[in-house]
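Alright, structures below, take your time with them.
Shared chain: chain A. Partners: chain B in the first complex, chain C in the second.
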Partner chain A sequence: MAEFMTVLYVLLTLLLLLVLAAMLIWYERRLLALWQDRYGPNRVGPFGLLQVAADMIKIFFKEDWIPPFAEKAVFVLAPAVVVITMLLAFANVPFAESLWVSDLNVGVLFFLAMSALAAYSTILAGWSSNNKYALLGGMRAAAQMISYDVFMGLSLMGVVLLSGSFNLREIVEAQQQGWHITSQFVAFGIFMVAAVAESHRLPFDLPEAEHEIIAGFHTEYSGMKFGLFFVGEYLSVLLISAMSVVLFFGGWLGPILPPFIWFCLKTLLVVSFIILLRAAIPRPRFDQLMAFGWKLMLPLALINLLLTGAVLLWWEA
Partner chain B sequence: MGNMLSIQPVTQTLLGQFGPETVQQQLTTDQIPTLWISRCKLLEIVSYLKLEIEAPYLTLYDLTAIDERTRSGRDEQPPSDYTLVYHLLSYDRNQDLRLKVALDIDDLNMPSVTGIWPCANWYECEVWDMFGIRFNGHPHLRRILMSPTWQGHPLRKDHPARATSMEPFSLPDERQDMEQEALRFDPEYWGMSRGGDDSDYMFLNLGPNHPSVHGVFRIVLQLDGEQILHAIPDIGYHHRGAEKMGERQSWHSYIPYTDRIDYLGGVMNNLPYVLAVEKLAGIQVPERVKTIRVMLCEMFRIASHLVFYGTFAQDIGQLSPVFYMFADREKLFGIIEAITGARMHPAWFRIGGVAQDLPKGWQTLVRDFLEYMPARLQQYESMVMQNSLIRRRSRGIGCYNTAEAIEWGVTGPGLRATGLGWDWRKFRPYSGYQNFDFEVPTGGRGDAYDRARVRIDEIWQSLSIIRQCLEHMPQGPYKADHPLTTPPPKERTLKDIETLIDHFLGMSWGPVIPPGEASVGVEATKGNHSYYLISDGGTQSYRTRIRTPSFPHLQMIPLISQGLMVADLIAIIASIDFVMADVDR
Partner chain C sequence: MLSQLRSLWKVFQHSFTPPDTVQYPEQKPYLAPRYRGRIVLTRDPDGEERCVACNLCAAVCPVDCIALQQGLDENGRWQAEFFRINFSRCIMCGLCEEACPTYAIQLTPDVEMCEYDRQNMVYEKEHLLIAGSGKYPDYNFYRVAGKDVGVKTKGSGDNEQPPEDYRSLLP
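What follows is the complex of A and B.
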């Protein structure tokens, strides 16, 4: 019976996540439109909510085309990688005190590993398309992911030190006395920068910067394979929002309202913030992005880690 | 008559230096000193004019040709089958100079002036493409506007102007193969090598369809990683034969074609054309017409600069501003529509006036806009121009100095961004600009940021000019009382026979413009835009030459993008502010 419940729960989570990712597309388009003095999708269904469904129907019925010059097997595999890794990473996100698929004792590390693996999706897509713009996009992705992965991990170590655990559930519980954002706001900033870069959204969308390299790594993709990249991107937005809630904003903790609702509200806020970033900030140049990462973010992450460690030692002594 | 009076100092200098057997003066309607010189002396004379003379002619403003073979009434000019026209410009003298060289049909060869002006490169290609005149010593003479497989030279008088006078189009297999073969990319053709000492280069075809090239424009990039070793612009994808069309439309019915040259400029495009025709016809327009024209032109300057502003931010990756600016442009189009009845291409100026008088209540619309816009501009200032990422992306990118700008024929905001405050509206006032109080914004560094800065400051100046138009709009007729005004004033048509005849001729044939040559340039949205019209006394122009600002601007791309990254190239393209229709015509 317990196994059955687990399977049911896993399936429910999967379904929920995919639907949420799709609704996020609608949410982002409406929000961007609001900020940009436009309407956004408002025709299909109430408030344009069914726009996503219409898009899905369209995208499913498109010809499943693989360019003859592409590396076929890798080309097909690449978009799946990002969706699979993102969904796997969700497995250890605690939505509420007893609402999680798996309670890993290395939750933070698993999240980092999955988000690093997702980078392969972009790189492989760029390479296998056998298209110059895609290749440039893939190259940019590779450099960007490798650089930003480094201090993303480092920025989270402060939180791990404070909570004394890699387990995400225990990290949330360690925030009963106060959210980690209060002491780790620098780390939060660094994490946010790195996370947005990892999900390659504006201002860090260099691998697909449409003004420079058409659509970057997914230039040759169409139909549902393109759709998977799209869903993957929104899943990763959801994931980094959920993760920052867990790590910095006390997860499901909050008064009066049920824990799960608190978790959703907080996540929604972070998601909106990420969308606002996209609406507001222009794109840096590739070398500026690299310099920003290695020369500013990395030292900052290290200093933050050192200080946290020092304060903790002093506290305990 | 008046021959002695109209001899300009430069003509005298040249006559003294080279003698009357090499230099021969021609009088033109536009009073620009026009000299026929012999082919063998051309290089000597232009290098004298550029390098030795006091207050030199540093800019090759335009280079074009005329097929003279069917032109009537040119007895006073030296015999010529094809005439090359070199239009030079001196900023020191604030003067133009037109040099003409007569060529015989059996010997269409000319020494190239690319050694003296690098910007002659594209102009000479265009003359070769359009007239089949060879330039000896040109680094890479090729078809620039037509496709490489095109047969014939379109601006020759014996080349058909429409498809109906050509053989029906067919595409047999061998021709298709030939056309496709002609599309094959060959780096050596463009003067690039496939590899360096230790690496092979990547060639990237940016365009003709690319999100950031603002139309159909191709840049061939030779890349080492993402660094640009060479960027070679390739134009001609938007060529519609606007100059050829000028030769078969009546003087009046050509006006709508001019709208579509710089399609963001609207009636601004009509202005140099109608000014040139009016010069040929000797029409003086009433003050009200001048002021109405200025007001509409400045509205279109704002509309065009708003598009620039938005796309500049967008090309650097800022998603939102373009929506705000397009919304403002819509507001402006609302006013333009109320006045002219159309939005982007009103074709509203007429020979000798404008199409209608201003509608009742136009003041309210304009005043509302003048009150609405400043607050928006201030918002954009902090949103875009003060944004540190925008600064970082555009500061020091795509720099050139004033000397280079003059050398390459750059005009407009691109020139003023280098610090030279040259504005045709100030230095050669037309249409009554001398009556307006405005400043000429300049930059200092000549980089992408400054080019944007100058344009944005120009929006403020245009607002001020529009306010002055609003407050001091003269009363009076909206078209000149002149027989060649088209359409002619109607009031007296049915009362006296002379006016009736004029009206009938003007409306059936179209106006008959007296023979002559006139070139008029205006400070258009993107730089100096001019029409060089030749009439041989007919109902159509004998030759319509459109000199557009974007053409020389694009030619500079290789110079200012070398060694930068692909993303910088996009910022440079955005900062140049061109439309391909303006380049290819």
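What follows is the complex of A and C.
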């Protein structure tokens, strides 16, 4: 019976996530339009909601072209990697008290591992395309992943220290007295920067910078393979929003409304904030990105970890 | 860093400003009378064709989309035997309107001229001619020109004096 429930949860989560990732495209376009004083997609279906369906139909009927100079097997596999890792990472996100697929005792580590693995998607895509722009994009993705993953992990250690567990469910339950955002504000800022960089979202979308390297790692991709990169990107937006809600905003905790609704509302707010980042902030140069990561964010994360640890020790003594 | 936070806030403030979009098919944007759209051939106030088939428009057209053949009517007035504009080539530059000595060819603010068949974009003279005089309501070329083609006799036009009788010795 328990196994059956797990399978049911898996299927439900899978369905929900893929639909949400698609709807997120619509949501993002509408929000960007709102902030740019436009309407955005509003023709297909009510409020343009079916625009995504129309795009899907179109993208499925496009020619699925593999360049003759590409490394075929890797080229085909690369887009799947990002989707698979993102979906796997969602497995241990607790949506409510008893609503999760797997209750890992190393949840935070698993999340970090999966988001790091997702970088293989871009690197492999860039390398297998056998195209200099794609390779440049892949190399940028690799460098960005290495430098931003370091302090992403470090910024989360403060939260782990406070709640005394790597388990995401226990982290949420540790926030009964107050959300971690209140004490770990710096960590939240650092995590947000790192997470946006990990998911290659603007302003940190240097691996696919259209203006400099055409489309970076997915220059040679078309059709549904390109679509998978997009689904992966939107899944990772959802993932980092859900994770920041779990880690900093008290997950499903909240008065009156049911826990799952609270979780969705908070996630929606964070997603909107990430889209606002895209609407407002321009892309940095690559050396600026590296300098920002290593010279500012890493020391900040270390100081934050040090202070959190010191304060905890002082309290216990 | 501060400027980035400021730009975040500034962009967020746009949540409360209405969109500038004109919802086109339902809501038409304002097109000024001098907008360069579909080309028409106008008539003078007497209802005659203004076009004198001088070929200047066809000569100036950068994409060669105007074709016409000059002919004469019974009064010796120049008229186009055929006048054809291929709108699938036309770039609405308005040079023909500038070149026209008689204000015959004019551009209008109509831009909705889509067709499913390319051949339907070729407009003949009967499609181009309109009943009115367009942007210059009172202008009649043959009232200011010297030539007698049945509109007026020689020397009786606007700003024109009767021809001098150079055989007479009278002052």
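FYI, the second predicted complex is superposed on the first by the 317 of 317 C-alpha atoms of A that agree within 3 Å, B and C clash if a C-alpha of one lies under 4 Å from a C-alpha of the other, contacts with A are read in each partner's own complex, and residues count from 1 in each chain.
Just so we're on the same page, a residue touches a chain if its C-beta (ideal position, glycine included) is under 8 Å from a C-beta of that chain, and two chains touch if they have at least 3 such contacts.
None of the values given here were measured: they were computed from a predicted structure.
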Open item on the list: Taking the superposition on A as described, I'd like to know which of chain B and chain C A:117 touches: first, second, both or neither.
Closed with: neither
TODO: Pick one for A:279: touches chain B only (first), chain C only (second), both, or neither.
DONE: both
Task: Which of chain B and chain C A:136 touches, first, second, both or neither - done: first
Task: Comparison of chain B and chain C by chain A residues contacted - done: B
Open item on the list: Contacts for A:39 in the overlay, against chain B (first) and chain C (second): which applies, first, second, both or neither?
Closed with: second
TODO: Go through the superposed model and pick first if A:287 touches only chain B, second if only chain C, both, or neither.
DONE: first
Open item on the list: If I apply the document's touch criterion, which positions on chain A are contacted by chain B in one structure and by chain C in the other?
Closed with: 35-38, 279-281
Open item on the list: Which stretch or stretches of chain A touch chain B in the complex?
Closed with: 32, 35-38, 132-133, 136, 139-140, 202-203, 205, 209-214, 278-288
Task: Complex interface listing, chain A residues touching chain C - done: 33-39, 276-277, 279-281
Open item on the list: Which stretch or stretches of chain B touch chain A in the complex?
Closed with: 202, 204-205, 210-212, 225-226, 313-320, 323-324, 327, 387, 389-390, 392-393, 565-568, 570
Open item on the list: Per the contact definition, I'd like the list of chain C residues that touch chain A in the complex.
Closed with: 4, 7-8, 10-12, 14-15, 17-21, 23
